[in-house]
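Before anything else, here is the set of structures, which you'll find just below.
Here chain A shows up in two complexes: once beside chain B, once beside chain C.
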Partner chain A sequence: MVTHPDLVPTLGARRAVIAYLAVFGAVLLLMMALGLLMRLNQGALVTLPPEIFYQSMTVHGTGMVGVASIGGAAVLWYFLGRYVRLTTWVFVLNLLTFTVGAAMILFADFVGGFAAAWTFLFPLPAKAGGQWEQWAAMVHLGGLLLIGTGFLLFHLDTARAILGRYGSLTRALGWPSLFGNDPEPPPPTIVASTMVLIVNTMGLVFGASVLVISLINLVVPQFTIDALIAKNMIYFFGHVFINATIYMAVIVVYELLPEYTGRPWKPNRPFLAAWTLSTVLVMVAYPHHLLMDFGMPHWLLILGQIVSYVSGLPILVVTAFGALMIVYRSGLRWDLAAGLLFIGVFGWAAGVVPAIIDATIIVNSVMHNTLWVPGHFHTYLLLGQVAMVLGFVAWTGKTRASQLFNALAFWIFVAGGIGLTQSFLYAGRLGIPRRFAEYLPEWIGQARIGAFSAALVVIGTVMLVGPLFIRLNRAMAVR
Partner chain B sequence: MAEILNLIPSFRRIAMGAGLFLVLAAPSLREVLEQDMTRHMLIQLPFLVLAGWLLIPAAAASCRFVVIWDRFGIAGILTANLAAAYWMLPRSLDNAIALPVFEIAKFISLPLLVGVPLGCCWPRMPMLGKGFVMANVVSMLGIAGWLYLAAPVRVCVFYLSDQQEAVGRLLLCLAGAISLAVLFCAFVGFRPSAARTA
Partner chain C sequence: MVQSIAWVITMIAMGAIALSFLWVAVGVGNIVEYHGVVHQAYKLRKLLFVILLVVSGAVSATTLGGLPYTAAQGAGFGQTQVVDAVGARWQWELSTDRFVAGQPVQFRVTSTDVTHGFGIYDESMRLLAQTQAMPGYTNVLTYTFARPGTYHLLCLEYCGVAHHGMMGEFTVVDR
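What follows is the complex of A and B.
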């Protein structure tokens, strides 16, 4: 059993990781700019034509999921490569398919006018009501399929490498230590990567299936699918995929906090049990996205509510508790990377709370179509997942920027993030609907607070990822 | 499955393959299998492929010709896919029933152009390739199942709509069963030596 990192990434591998982070930074900023534009429009500070708003919303939603997964993949690949031999060309191929797929989506949405949101719910892509043409929907869905194919190859390569070294997924999840007496469990990175490859492969297979079905429907409209089955497949894929981005990113916490504090993060039974439990629960919890669909079997909705209460909690608890224990009285010298990692764990933990509230059927029936939900996922993605990946960026680059600059960048990003997410949650509490391009006068105030906060987030992110672009070569050399 | 087949001595494999082929070609069994769309698609066609796979000795996968012409199993899997794709068309099934020449073509092409290339390429494919093929098989079986269920018309002249729907349901079940089997294999165990060759 491999329990300690014994492999050193090659120069090519490090260059590939930096290329991922560069794409992550660039696309993240572009998507943030679109988000800012939408909030400005809702706050009546700029005027966007409605079709541009919904095209921007589609690109923003799809692009942010994609960029979170690219950032997470960079983290996973870099640290997993310390334990098992991965294939660099597969990693690079995934970045290429992502880049081409993202370009296809941008073209389909902004040139072709496709604006069916990230959810591309059947049969909306084929019934555009004159808003976009068939080719635009096909290019958008084709771009998604291409990105999914790249990620499937990426996870198959991690599966090959993990199985090659650990023999089975159960051993890689640490079951001999969890259920037996093996004193040497696999490291957290292996456990997390194994969980991610299991759930994401399942999600991608379902996602690819529903994308191909939608494409066939676009060409031959007589071939239809039950809209509710299609929605189940889409949300299973989407729910699993976006959650997996956090489980990929959290690996940086497991790897770097021990480096900072000098205290190893050794998996114990609760840790292994939590990851095994979440492997199953994250796939079963997706019906909480469909609590408003009256056609769903009631037992599935009840299951969705109950499982949602415990789905992400096991991993979150062991990670948050572990992070606190590792940092407590460790004499840790805080820097930009350590701060971002810590805020990432906070954002993840804080973002789960509104999710659990919304997963309660009686609450969901009044809150789900409000800004409460964007409040939830912006908290655990922006202040959680993205903060963790930005922590990785900061650690990789180890910039020469002054402490004051780093502190400013950190606090501007955090203040903006909290302001943005709280404005969403507060608006949700007031019952302001989501996905509306135009607001009533009484909603505009909180939208302006959100826009101001979003501007801070963009400034903070520019300050955080800017040094990476300035010193790309140096970033490749130092780690 | 492939590993189990490779454990069988060569002469037994070939004998089993030839025997299976002859049994499938027996007129009475052929008629029984082709009377029903499910039996035709999900029993006769896969067993013809299996017969071809068995006809190739395990050592053939490592012979010089195959190694040169079928690097990483790419040529083999492409040949098998292209040949199999033709027999996935509903019209091909109709032709096989209506015209003897198509029936003969089916009995030759499925073992020789699908089974034999698969038998040669599968043991030599990297695990990444095998995983990609399996993931595609699962999603495409699911999509084919949906197509048969959603088709607004009868896709085969010789088979009724209820048989078509039964095939659709069985294809979906097959996709689920293969997923579970792959997950079971990955969870229970894997030979590290096989993975390192990738």
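What follows is the complex of A and C.
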């Protein structure tokens, strides 16, 4: 079994990774700008017509999920390529389908007026209420389908490569070591990549299915699906897909923290058990998004709460604790990349807390669809997943920016991220709804704090991503 | 009340995680042998795992007792007041909009077009209870209002361009 990296990515492969990171940086900044605009509008500091607000909201939600996945895919592909032979053209094709799909979504939403949120809950896409034309809904959903198809091919290629070298998915998950006596388990990158390909393939199949059903419904209105079944499919896909972005991004932590500290990240039994457990739990936990759908089988909702509690443990006990253990009194010399990776693990672990709290049914009764929800997912996505990918961006070329500039960029990003997420959480405590274009007067104050924090996030991200664009040609040359 | 408890617990737990990361980050320069760290850390990890498992199990066992799904939830003495609540863009229609405090109100919530969220707020705009309003389904939400006053209905599921304006009101009077 392969336990150490023995392959070197080709120049073409490294360029493809840089192309991913360039798209990641550009789309991330665009989506952040839309997020800032929405918070400014909620804080009554700018005035957007409601239709523009909801179009921006749809683009922001959809785009952020997509770009997080692009960043995660870049991380996964780069490090997985050290162990197995991947297909560069499939990787590039995924970026192309993403770019075309993203352009379709931008056109459908800002030109065609489509604004059904990332959730496109059935039958909203077909019931525009005069807000958008049928073609706009079709182009938006078609764009999503195209992006999903690209990612499915991407995961199928990683499956082919992993199976080619490890023989089976269970071996790649380390089961011979977990349940037997194999002394050489696969490295963390293989385990994580295998978990991601399993769950994301399942998620994408369900997502594509509900997209096709919604598309047919647009053309043939008599062809319908039960709204609750459609919602289950959408949230299964959405929950799995967004969680997979973090599971992809954390690979950079498993690979680079050992390099920084000189201490190995050993895939021991607790590690392997945690990842096998997460493979199952991430797919079973999705009903916590439907706790206020009283028509759901109640046992499934209760299971949703219990599984959500359990699914947080592997993250906290294995990855977050493991990162602390490796860094603890290691002599690590902090630089921008190391700092971002470390804060990324913190954001992931910290974000689990309000997420679990919200998965408690009696809490969900008074928190569901309030700003508590963006509060928790911005914590583990912005301060978690995005920070990890930005750490990878910083590591790719060891930026030549001064230490002071890097430190400023880092702390502005972190301060803004904490301010933004805490303002969301506090607003959730007050019961302020999410996805509202206009606020009651008493809600405006916290929105302004959120807007100020979001502005800091944008500034920090420009400072973190900017150097990547300046050194695009040279990036990866040193790696 | 629930919101405040949830927020305080969240702040304490997030704060503890933040302090742990800060403590490790600050002390990174004081180098020790990894072998010794691993031995101690694995013991601590086991303890942490058991504590988290016990705490999450206890919280689940405690909180799963009073779920909002059963029609009897919130019921006290007296007759249950039944009301049909229908969401349609962009308004709430209630079959009656006057209820008596201290007696359970059973909202039978549905929608005629797209999915909405039926959120009940008190006069200080504190969220009291909610359920989804979905075409083809009738969700039964039972709530007992302790005090008379004017209560507000907000849509808590995005439903289109005037989603934020989909509001309603009803009155709760003394017995």
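Simple rule for what comes next: the second predicted complex is superposed on the first by the 476 of 479 C-alpha atoms of A that agree within 3 Å, B and C clash if a C-alpha of one lies under 4 Å from a C-alpha of the other, contacts with A are read in each partner's own complex, and residues count from 1 in each chain.
The rule we apply is simple: a residue touches a chain if its C-beta (ideal position, glycine included) is under 8 Å from a C-beta of that chain, and two chains touch if they have at least 3 such contacts.
Computed from a prediction, not measured in an experiment: that's the story for all the values here.
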item: Simultaneous placement of chain C and chain B on chain A, clash or fit; value: fit
item: Touching partner for A:R165 - first (chain B), second (chain C), both, neither; value: first
item: Touched partner set for A:A117, first chain B, second chain C, both or neither; value: second
item: Touched partner set for A:L30, first chain B, second chain C, both or neither; value: neither
item: Which superposed partner A:V284 touches (first chain B, second chain C, both, neither); value: neither
item: First, second, both or neither for A:L303, with chain B first and chain C second; value: neither
item: Greater chain A contact set [chain C / chain B]; value: C
item: Touching partner for A:I459 - first (chain B), second (chain C), both, neither; value: neither
item: After fitting on chain A: smallest Cα gap, chain B-chain C, Å; value: 15
item: Common ground on chain A, meaning residues reached by chain C in one complex and by chain B in the other; value: none
item: Touching residues (chain side chain B, partner chain A) in the complex; value: 126-128, 131-132, 135, 138-139, 142-143, 146-147, 150-152, 179, 183, 186-192, 195-196, 198
item: Chain A to chain B touching residues, read off their complex; value: 87, 90, 152-153, 156-157, 159-161, 163-165, 167-170, 198, 201-202, 204-205, 208-209, 212-213, 216, 222-225
item: Interface residues, chain C side, partner chain A - complex; value: 2-4, 6-7, 9-10, 13-14, 17-18, 20-21, 24-25, 27-32, 34, 37-38, 41, 45, 48-49, 52-53, 56-57, 59-60, 63-64, 66-69, 89, 113-115, 117, 119, 121, 125-132, 134-137, 139-141, 154-165
item: Chain C-facing residues of chain A, complex; value: 50-51, 54, 57, 115, 117, 119, 121, 123-124, 127-129, 131, 226-228, 231, 263, 270, 292-295, 298, 301-302, 305-306, 309-310, 312-313, 316-317, 320-321, 324-325, 327-332, 334, 342-343, 345-346, 349-350, 353-354, 356-358, 360-363, 365-370, 425-426, 428-431, 433, 435-438, 440, 442
